[in-house]
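Have a look at this one before I ask anything.
The chains carry the letters A, B, C, D, E, F, G, H, I, J, K and L, assigned in the order they are written, with residues numbered from 1 in each.
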Amino acid sequence: MKSPKKILVIHGPNLHLLGRRNPSVYGRTTLNAVNQALRQRAKELKVTLTILQSNHEGEIVDAIGASHSRYDGILINPAAYTHTSVAIRDALESAALPAVEVHLSNIHARESFRQQSLMAPVVSGQVSGFGAHSYLLGLEALHGLLTNSGHKR
Amino acid sequence: MKSPKKILVIHGPNLHLLGRRNPSVYGRTTLNAVNQALRQRAKELKVTLTILQSNHEGEIVDAIGASHSRYDGILINPAAYTHTSVAIRDALESAALPAVEVHLSNIHARESFRQQSLMAPVVSGQVSGFGAHSYLLGLEALHGLLTNSGHKR
Amino acid sequence: MKSPKKILVIHGPNLHLLGRRNPSVYGRTTLNAVNQALRQRAKELKVTLTILQSNHEGEIVDAIGASHSRYDGILINPAAYTHTSVAIRDALESAALPAVEVHLSNIHARESFRQQSLMAPVVSGQVSGFGAHSYLLGLEALHGLLTNSGHKR
Amino acid sequence: MKSPKKILVIHGPNLHLLGRRNPSVYGRTTLNAVNQALRQRAKELKVTLTILQSNHEGEIVDAIGASHSRYDGILINPAAYTHTSVAIRDALESAALPAVEVHLSNIHARESFRQQSLMAPVVSGQVSGFGAHSYLLGLEALHGLLTNSGHKR
Amino acid sequence: MKSPKKILVIHGPNLHLLGRRNPSVYGRTTLNAVNQALRQRAKELKVTLTILQSNHEGEIVDAIGASHSRYDGILINPAAYTHTSVAIRDALESAALPAVEVHLSNIHARESFRQQSLMAPVVSGQVSGFGAHSYLLGLEALHGLLTNSGHKR
Amino acid sequence: MKSPKKILVIHGPNLHLLGRRNPSVYGRTTLNAVNQALRQRAKELKVTLTILQSNHEGEIVDAIGASHSRYDGILINPAAYTHTSVAIRDALESAALPAVEVHLSNIHARESFRQQSLMAPVVSGQVSGFGAHSYLLGLEALHGLLTNSGHKR
Amino acid sequence: MKSPKKILVIHGPNLHLLGRRNPSVYGRTTLNAVNQALRQRAKELKVTLTILQSNHEGEIVDAIGASHSRYDGILINPAAYTHTSVAIRDALESAALPAVEVHLSNIHARESFRQQSLMAPVVSGQVSGFGAHSYLLGLEALHGLLTNSGHKR
Amino acid sequence: MKSPKKILVIHGPNLHLLGRRNPSVYGRTTLNAVNQALRQRAKELKVTLTILQSNHEGEIVDAIGASHSRYDGILINPAAYTHTSVAIRDALESAALPAVEVHLSNIHARESFRQQSLMAPVVSGQVSGFGAHSYLLGLEALHGLLTNSGHKR
Amino acid sequence: MKSPKKILVIHGPNLHLLGRRNPSVYGRTTLNAVNQALRQRAKELKVTLTILQSNHEGEIVDAIGASHSRYDGILINPAAYTHTSVAIRDALESAALPAVEVHLSNIHARESFRQQSLMAPVVSGQVSGFGAHSYLLGLEALHGLLTNSGHKR
Amino acid sequence: MKSPKKILVIHGPNLHLLGRRNPSVYGRTTLNAVNQALRQRAKELKVTLTILQSNHEGEIVDAIGASHSRYDGILINPAAYTHTSVAIRDALESAALPAVEVHLSNIHARESFRQQSLMAPVVSGQVSGFGAHSYLLGLEALHGLLTNSGHKR
Amino acid sequence: MKSPKKILVIHGPNLHLLGRRNPSVYGRTTLNAVNQALRQRAKELKVTLTILQSNHEGEIVDAIGASHSRYDGILINPAAYTHTSVAIRDALESAALPAVEVHLSNIHARESFRQQSLMAPVVSGQVSGFGAHSYLLGLEALHGLLTNSGHKR
Amino acid sequence: MKSPKKILVIHGPNLHLLGRRNPSVYGRTTLNAVNQALRQRAKELKVTLTILQSNHEGEIVDAIGASHSRYDGILINPAAYTHTSVAIRDALESAALPAVEVHLSNIHARESFRQQSLMAPVVSGQVSGFGAHSYLLGLEALHGLLTNSGHKR
């Protein structure tokens, strides 16, 4: 409707190794390839992306804390912090922006400690299990939230 | 690549009332509207859809049991049966077809008994929390599984 | 006040055998006798009853789903489904009608898996432990809700 | 049949404030009004009532302990003691009189610690969720037990 | 001893696919082959069989509810309903016939939710883990209960 | 050794009914008979007894709180308060006197909520399961603690 | 601002022994000394205090129940009842006055059954672990609630 | 097919008392009678049996540990050790022979600590609830495993 | 009354070291001294004792299994096996003799895994926490059961 | 008494956003305002403050690790790390300085995962629920510990 | 320093089969080879070894009970008894000798019932996961405890 | 065999304070002393060490993430992160290098939250409880894995 929507994309810990670790679980796509695909799809959707990868819980909290007036939405794969970080959860809740949580693997089919997402109650929705494709679907979902109906949570 | 992929879409119990119940939770889109949107998107993706809504666990088990040679994949919103039906889970596992689980609401943010999906370990992935949009994203995800990489689970 | 209130009475699984099974637990009154007593009391209260017995979870979901504009309230003994059916719970919640849950036996004094009612959070109240009399008390309670104070939940 | 049945009615802690606290939860009826309605209904049922309200667990235990030869049945709303008093439970069990447990609110739909009744295994049945009406239904239920079938537990 | 014993054999959900699904877990014998073997063994034991397969919990409840005067015993593989159906359990308990529970796989060695049988407390015994052979052993066990010692539970 | 030891004997809630309730569980001895036997044995052991029965948690706390300089030891059957009263536990701990806990029935063989004693960590020992004889054994045990070895806990 | 605020101070069970029991845990200050310090600080803050100590759950419920129109706030150390009294919790909730919960010891660092406060959800805040100083801090906190911002809960 | 199969039969603790203890639970057949019936059936099946009864966990571990090259299969009623012996479980797993677990009573219908079998994950299957007949069915099941299909686990 | 009662006394594992290990917990009395005191008291009570100490679960099961016609009652300190041996529990239950369980330390005040006695449901009563004196009290309790009232359990 | 006490004040993750996020929960006071109020109160109490805010668990561990010889006490609002950081707990324990834990909201009245503080066992006490006032009360409490009685934990 | 240290080495149940069972889990080294390596290393460390393997819990308790004045330390692989034997734990605690627990496999990465060691609280330390090498490392660790610093626990 | 093995040594949070904190638990050896001992032993074993201490979870994840082609193995004391960091666990799993986990104290004998290691399932083995000696034993264990048998996990 107005100027292009700005989206903050956050890749959590160990994702810089994507494509190089456990390919049987996570596939062979690298993080660069994921980011390229995301940028490509962003162009089609006419949104702009800022992308961050960090292994540091504090950096992710910093970034989300600073996102409020700079972005319209957050696309996040919290990776291992999904299950342990109340700090990131609180940051997402404070940010008060539409947020979508994505996971490469189907976390609901893995070890029991991976089946609980601390983020779930503070995001709009979740996409999991489709490998790198999860990101593109998540971006689309977020775009839907931003353009259609504003921030429904 | 070859002949158009055939997808079985299953709507679980109470979804025939979509748009008429709890609009604050589930929105105002009716099941008809969801199905129309699905058919529209299916046409674009060049897949064909067969759509079933049932409140009967046994009918859903029947349908999945008969799906093996007739469909290439399953898109299912098991609704209330997500949390209680081992029979549907076993049926999905037997069917041995790529399957995607979708939910209108973000089940991971609701009552604790809704946070556990019995289906999760036997489907490829899950999309939840985007209202009727969850179905379209799920269809796209399933299409990706069918065309790209076959059945990865 | 206005035209007679219409009430849907639902008997859950195995209740067609009432009076013939476990008489030490459930007494010797048959379902027919219960229904007669209910109709008798309904006449006195000037409400009309439609009575359904089913062993099929799906049929009960169907019936509740269709109840919205046809009935003013629901009197239900969900029997075994009390403890296992999220689908019936969702149906009751969708129906958005005053509903009263009754049990022949005092479920809170039985095996631990019978002490939890999935229905409780979506009904107005519960009567349990008085054998066939539970139904009459439940009907009276529902009548009170319908005539006095509308739908308080 | 014979001389009028004598019933001990016990109101547990905080019920003296009925109608003045949390009216959204407990309604606006005062305890006096409840007692008047109970006495009115008792007259119709030809039973006599003795009514006690106490905030003291020990007083309630005393009263039940002294009830054996003086009353034919007990109607009790144990309120907060429902969930914590083994002493009242033991007293009810010792009294060996038909007893009916009533609750103003639907305790099975509230905080989890309110969903467990320590009294349930030693009373005949339970009525919950109908506000002040719960008492009248409970009185009727108790009357049924006393006149029909003696003490069935 | 007297007229031939009549046995109701019930195959639960998904068993119509036997031999076609997960052969590594359930083997390659089809349900037809199982039924033939059962009929063959029944002839030797001089009992008559009525065989039902259903994916519908309600149909199984119906069948057991109608079994009382028609059969002398029940041989049941409740499959997925083993772990979720209080309704079938109640039906078996009402039927008050000797009943034997069989499982193709060793359910006690599988996922934790499959290790609990809701049926166990209401059947005479259980045979599990011997593939299709479990049925024949179960039939023999039931025959023993019917001819030797009547209904010991 | 010195002046006769003074012992406070406390009977918890409902014990005034002893011998009149649940004789199959608690036997037919009355509280009076128990007290007589205790006084008889106390005479032999050359200790003096003060005996209290109360249904009121607060009275028991009062009595224990006042015991410090007046008694040498406490013999207590906390009955129902065994499992619920942190206040009595704290009182016993404050009193800092040798204390022995007795139970008529074998509480470790009863309902699970009766198997946990809140008192156990603050008393010297426990005697349970011997009916009225438990009191005499407990008195003897307490006497042993007072004369032999002082207060070992 | 207006007439001096009136505060009800409640000391729970066993606190009359303060300074005389477990000095290693609770220090050597007596309850009298605590009360003097409280009155001193109250004078400075220009609030008036009414002080109650009771070992009886029922008396505490009575006092809170009668507090509504007589006091502006409640300062309570529920001691052992913190963990067991739903009745006091309900009384506090009914009173609908600002209330502050204080503890001498750091209850969150003690036995697990002392780490859960049934009062917490119905009070404004909690001060624990500072010995007798906890009371003064609690009084100050309550004064802040009464003068600053009214009753925020 | 080849030389007769050799089977080790193990009776766990307290089974030497069979027929003399709890006849209402375990029946009146003695262990001798069970062994005779087993030898009789073994002759028909053309297998040879070695039978051991021991109350000593260590002896049972010894025997299983020595079984590898001497026997073709193991028939075991681990009795009380079913629920407590990781050592016997490890021995069975090491033995790497087909093994069948039998129980006289229906362990799944007894106290909860008897419903879990530590052996289940390392045996082929289980027969429980048919009294002494369980052994004969178990022998037949083991024979089936040995002759048909070798060691399927 | 008749010939002297014969009692089997069983000391469980590690008790041969009594007086030499953890004196702060178990005191300095040796097992010999305990046995002497027991024999002394037995002479006074006119009962005869047979005493067994064993570290072997199997030997204890053997001894109890052989006790039926040889003894009138069992006095047992199962020590570590209290918490782990279903086999000894089953043996005690089979023996069907009055049995009393004793513990040197107050097991209910120790590590949580020591607070649960597997023996409790099959013995008459329990004495714990009085060091070597526990045995003498237990002997007296057992004597009471044998002479007074026969075997009440 | 001596040179002014030096206190390290630590604000955990997301607190830099105070006053800007969830004002309904956390109020509208900014962190700057809190710090000013703290400095003001510090001046009155004659203590000096060093204030740190960090979203990084590691930075907080660093700061506490370096505090030993530089500060006399620690005032910490660990925010989200309260519930997840064993590292901060270990740091506090190592620092061996008096420490006070404060919370803006009443954490004991929030989601269950917020009711457990990993810090509690290693701090002196806790103040929670009074918004920004919690900090001032905590400072006062810490001052009391430092001046009165040294480090009592 | 003084005469050579004497160490008791205990191999628990099923370890006599080492190298012959589950080589994928436990490797192919036999117990003889382990013992040779241990003796070789003992010679280098100038300690003497006595080695025991037993499948009998009681024998292991006997051996530890007799170890006190004969050995300076204990090296034990309790195998299956790690998780079930309170008797061995108590024996180790009584022995009051430095003890080291070793495991061939990484027990913390196996089935949940193998992740809990009952021995851990009474031994000095643990080495697990290095196959036969675990024993040598454990011997070295024990040697360190015996020569350096005596018995630190 | 070939060029010297390169090992990354990681000391988790608070370990920079080693020897200065809780000497009763962790001893008086400083981290420098540990590192010197490690380098000394490394020289003997002909391996090279790179040593990192960090209080930052993210830095440890970074270091492990970068280790793949630079090191042959990892020796890690994750300290507090042992129990909370899924991120470090995932990093270790991605690194796909032999890894050994060491702990100064016997974590299995401490608070229950310290008994669970999130790292255990992804490392080869664990050494705990021997103070600074744990590191040397861990280094030796890792060396064994690297030289003998490559990476066995």
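The criterion applied here is as follows: a contact is a pair of C-beta atoms (placed from the backbone, for glycine too) under 8 Å apart; a residue touches a chain by one contact, two chains touch by 3 or more.
Owing to the predicted nature of the structure, the values given are computational and were not obtained by experimental measurement.
Asker: In how few steps can one go from subunit I to subunit J if every step must land on a touching chain?
Answerer: So the least number of steps between the two chains is 3.
Asker: Report the chain pair from D-G, G-J or E-H that duplicates the H-K interface, where duplication means over half of the contact pairs agree by residue number.
Answerer: Selected pair, repeating H-K: D-G.
Asker: Using the stated contact rule, I'd like to know whether D-G or E-H comes out ahead in C-beta pair count.
Answerer: If we tally the C-beta pairs in contact for D-G and E-H, the bigger total goes to E-H.
Asker: Would you kindly tell me how far, in whole Å, the mean C-alpha position of subunit K lies from that of subunit B?
Answerer: Result: the chain centres lie 55 Å from each other.
Asker: State, to the nearest whole Å, the distance from the C-alpha centre of subunit D to the C-alpha centre of subunit I.
Answerer: Between these chains, centre-to-centre, one finds 46 Å.
Asker: Return the distance between the CA-based centres of subunit D and subunit K, expressed in whole Å.
Answerer: Centre separation, subunit D to subunit K: 63 Å.
Asker: Roughly how many whole angstrom separate the Cα centroids of subunit F and subunit I?
Answerer: 23
Asker: Quick check on subunit I: which residues sit in contact with 2+ other chains?
Answerer: Within subunit I, the residues that touch at least two other chains are 56-59, 84.
Asker: Could you please write down every pair of chains that are in touch?
Answerer: In this structure, the chains touch in these pairs: A-B, A-J, A-L, B-C, B-E, C-D, C-E, D-F, D-G, E-H, F-G, F-I, G-J, H-I, H-K, I-K, J-L, K-L.
Asker: Which subunit D residues qualify as touching subunit C in the complex?
Answerer: Touch residues, subunit D against subunit C: 106, 108-109, 115-117, 120-131, 133-134, 137, 140-141, 144-145, 148, 152.
Asker: Which positions of subunit I touch subunit H when the two form their complex?
Answerer: Listed in rising order, the residues of subunit I that touch subunit H are 56-59, 61-62, 65, 68, 84-87, 89-91, 93-94, 96, 118.
Asker: For subunit E, which residues are in contact with subunit B within the complex?
Answerer: Interface residues on the subunit E side: 12-14, 16-17, 20-22, 54-59, 79-81, 83-84, 113-114.
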